[in-house]
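Two complexes, one shared chain (subunit A), two partners (subunit B, subunit C).
Then we have the complex of A and B:
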């Protein structure tokens, strides 16, 4: 059964489609009349967030790829000193955009709400990802900014902040793992064909690679340390593939969205 | 249906959901990377790896492999029985598979305990790290396998459900776990 909801008044009597002509007229039409404008706003927020997130961590703050866990205190203090500008600027921007993660999570929860499954999946995902932003993002930023902006502190304290930052960032992947599994189960039992089943299995692959980050609590060197080939590099490759895939999947979901409750319709095929 | 159409259909047929094969491919790629790192580290310190491999009991490895191969055989029988509509036999085969998996897990835990008692912990040396990591991540796959077998039992028990596609999808997962173990066994126990 498919019930098509009547969109709010803005879309009640829209023109047949976006006007042809200058781009600003088309943008204005979409902003005023497109019934999917909120979904597109959320999707673009997701894209903007990740396009800022990675450059801030890798280029501006230069805290990823992560440094050696086994460095001595003097090297750790020097590492903070080298980033006395990059970390405050990069993480200042991260703090400013961190709220966008709420919109990202909401869009993913929306995808589960559109499925034939219980809404509990979406709520559980929202809850667990709201919590995971604390150890998986904010604690690292706070600890590294403190270490950078309080260079006069005892080197032992700076060393503690160094360990705390990277262990909280890499060692708490369990919460992300559970989030991936929730999404996976929802996709696999969904009957509305919101996502293809292989994407559900890709969620499982992503969750399984997040398991292997946990040993970074034990190892200070080797492949399972927080900067190891398996615990970080391989995990990052899998996460990158997963991330690009889910951004594309959400894009396709919004294109197919009909605001009904039954199976999502396929996109019309292009004439060749 | 014409013969040509029949042939095409057979040629395109894959057991279970085709989507599961994406998982098989992706996991194979990830494990290939794990094995690549293992071989790289092994080439850097061959003596250490040879010495540590000697601590492993090859008989336990062979026993584990045979048990898992038996489990793969029984899950394949389950698929055949299910296709033939013999659901009681199919259920019996799933239980045999689960029993084999339980034997494997118990044997693996005993082997870990023995190694730890001998002083070979996860961080003793590079080989131990790899040994516990590879067998550990495979162990996690096998635990998920129990959920998968549970889905097969759930499907087979009720005439209203009985999705042959799901049974085959779950069997594909199980064969993947088995296939990965054969590679892990070869690398850790046999290749010296």
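Then we have the complex of A and C:
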């Protein structure tokens, strides 16, 4: 890539420091001159995406925490009716911004490219997480939007959409399972010290949540159902910890990045 | 990732092999590029063949009206044949998008983030389109099915078809940012291509809100969700086809010129 064109020394030394003064001038300077601007842009995209993603699901659409799988059809229809505006507006914003996930995945793939491991890891992660957006996010949003579209629809049909949506959300497991394991293996065998090894094991924890969620396909009530203490609450806590951690890990990686090919230096050379 | 040909020349270690190696890398790209006009013709033909597009079916149709649409003996073959054609060629934009990835890799960036992100987007919209396509074909497979179920399949098809914008928006914005960050005397794409892609991305955003209403501009047959979105996609295909073609031909000319320079040296 173009790394070849620009020696690493000049990469770490921008032409002049950022101007002091108003924030938008500083941002404009970084967008023009910061040698790590591509990485920082991707990182900020990640932060902005998740700061919109969770409020949309929990506050605007109010589809999380999930409703009970054991409700009767009348209650399910009522649940859709209460969200007849929240779901299409909240998910409209999700659909408008979901392309940002490609940038998030690209940044994580880049972290593996920076490692001493084969580039196959980064590519595999990128492809598997790109694929995951369809069954794990977009398709279930479509099912819920179709569910709110016609309140007068046959309750049995609405009940089918209800199951489809929540099982597709909780029950899409393999893509996240294999994706997390790919990142984990890459981190554990990496010799460039891109991430601490304990973060590799945290990936294993995230992968295991996809194992314990499998019974949601079988049980309609109890701790293993799609809204249960294990299948939903425990998994959400692990995912939350994992998510905050990897945002911080990627932040540290970008600060340490020297655009070389050997081990990442320990201390940041320059505050950004 | 292999380095772009220009960089291999600058690496210089194996100069004598560079031209042939570089030529081999771009071999066949013209074939991929020239599939675009064929794709465009097929898409437009299938678009006009499907009786539900001109004009777009109204979301306010009752279940019985929707069932009657699929049961109409004149409609049935048109629905099936147009959707079979769409199923064949729905994914045929992927090679073109991959050519754009190749051009992004030639840009003066420090990391492959943009080409990775673009690669992550390319299959998104075709996959969702195929979900819609399967729902339309399913509705037409047994038109005698209960009208409630036919209407469900029709709703699912239309909502999915309209709302497939996330990765189209994503790839336009990513391409625009990649162009803005392409700091070199002769950038791969002109700045206006970046502005144009942002404009297209903005035109696709309203379609994401198709679920809000069954009538008006945001409904799936509305001015914003149907006309603006589909016209924007059509214009994007034409404009990007032209500028991508220019970039691909320019790259080939450069490879040839470098090869001749090295031969004469």
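The rule is short, and it goes like this: the second predicted complex is superposed on the first by the 247 of 272 C-alpha atoms of A that agree within 3 Å, B and C clash if a C-alpha of one lies under 4 Å from a C-alpha of the other, contacts with A are read in each partner's own complex, and residues count from 1 in each chain.
Note that contacts are C-beta pairs under 8 Å (C-beta built on N, C-alpha and C of every residue); 3 or more make two chains touch, one makes a residue touch a chain.
The model shown is predicted, which means the values in this text are computed figures rather than measured ones.
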Practice prompt. Based on the superposed arrangement around subunit A, label subunit B with subunit C as either clash or fit.
Written response: fit
Worksheet item: For A:209, is the partner it touches subunit B (first), subunit C (second), both, or none of the two (neither)?
Response: first
Worksheet item: So, A:244: does it touch subunit B (first), subunit C (second), both, or neither?
Response: neither
Worksheet item: When the two structures are overlaid on chain A, which partner does A:197 contact: first (subunit B), second (subunit C), both, or neither?
Response: first
Discussion item. Under the stated touch criterion, which partner chain does A:234 make contact with: subunit B (first), subunit C (second), both, or neither?
Written reply: first
Discussion item. Per the contact definition in the header, classify A:59: touching subunit B only (first), subunit C only (second), both, or neither.
Written reply: neither
Discussion item. Going by the contact rule set out at the top, does A:223 touch subunit B (first), subunit C (second), both, or neither?
Written reply: first
Worksheet entry | subunit B, subunit C and vertex subunit A (Cα centres) - angle in steps of 10° | 130
Discussion item. In this superposition, which partner touches a larger number of subunit A residues, subunit B or subunit C?
Written reply: C
Worksheet item: Between subunit B (first) and subunit C (second), which does A:189 come into contact with in this model arrangement: first, second, both, or neither?
Response: neither
Discussion item. Rounded to whole Å, what minimum CA distance do you find between subunit B and subunit C in the overlaid structures?
Written reply: 29
Worksheet item: Which subunit B residues qualify as touching subunit A in the complex?
Response: 17-20, 22-23, 26-27, 30, 33-34, 37, 41, 122-123, 126, 129-130, 133, 137, 140-141, 144
Worksheet entry | Touching residues on subunit A, where the partner in the complex is subunit B | 196-198, 200-202, 204-205, 208-209, 211-212, 215, 218-219, 222-224, 229-230, 234, 238
Worksheet, complete the sentence: In the complex, the residues of subunit A that touch subunit C are 1-6, 11, 35-39, 41-42, 85, 87-89, 91-103, 105-107, 109-110, 113, 119, 122, 126-127, 129-131, 133-134, 138-139, 142-143, 145-146, 148-150, 153-154, 157, 259
Practice prompt. Write out the stretch or stretches of subunit C touching subunit A in their complex.
Written response: 1, 3-4, 7, 10-11, 59, 105, 107-114, 116-121, 123-124, 127-128, 131, 148-149, 151-152, 155-156, 159-160, 163, 165-171, 173-174, 177, 181, 205, 208-212, 214
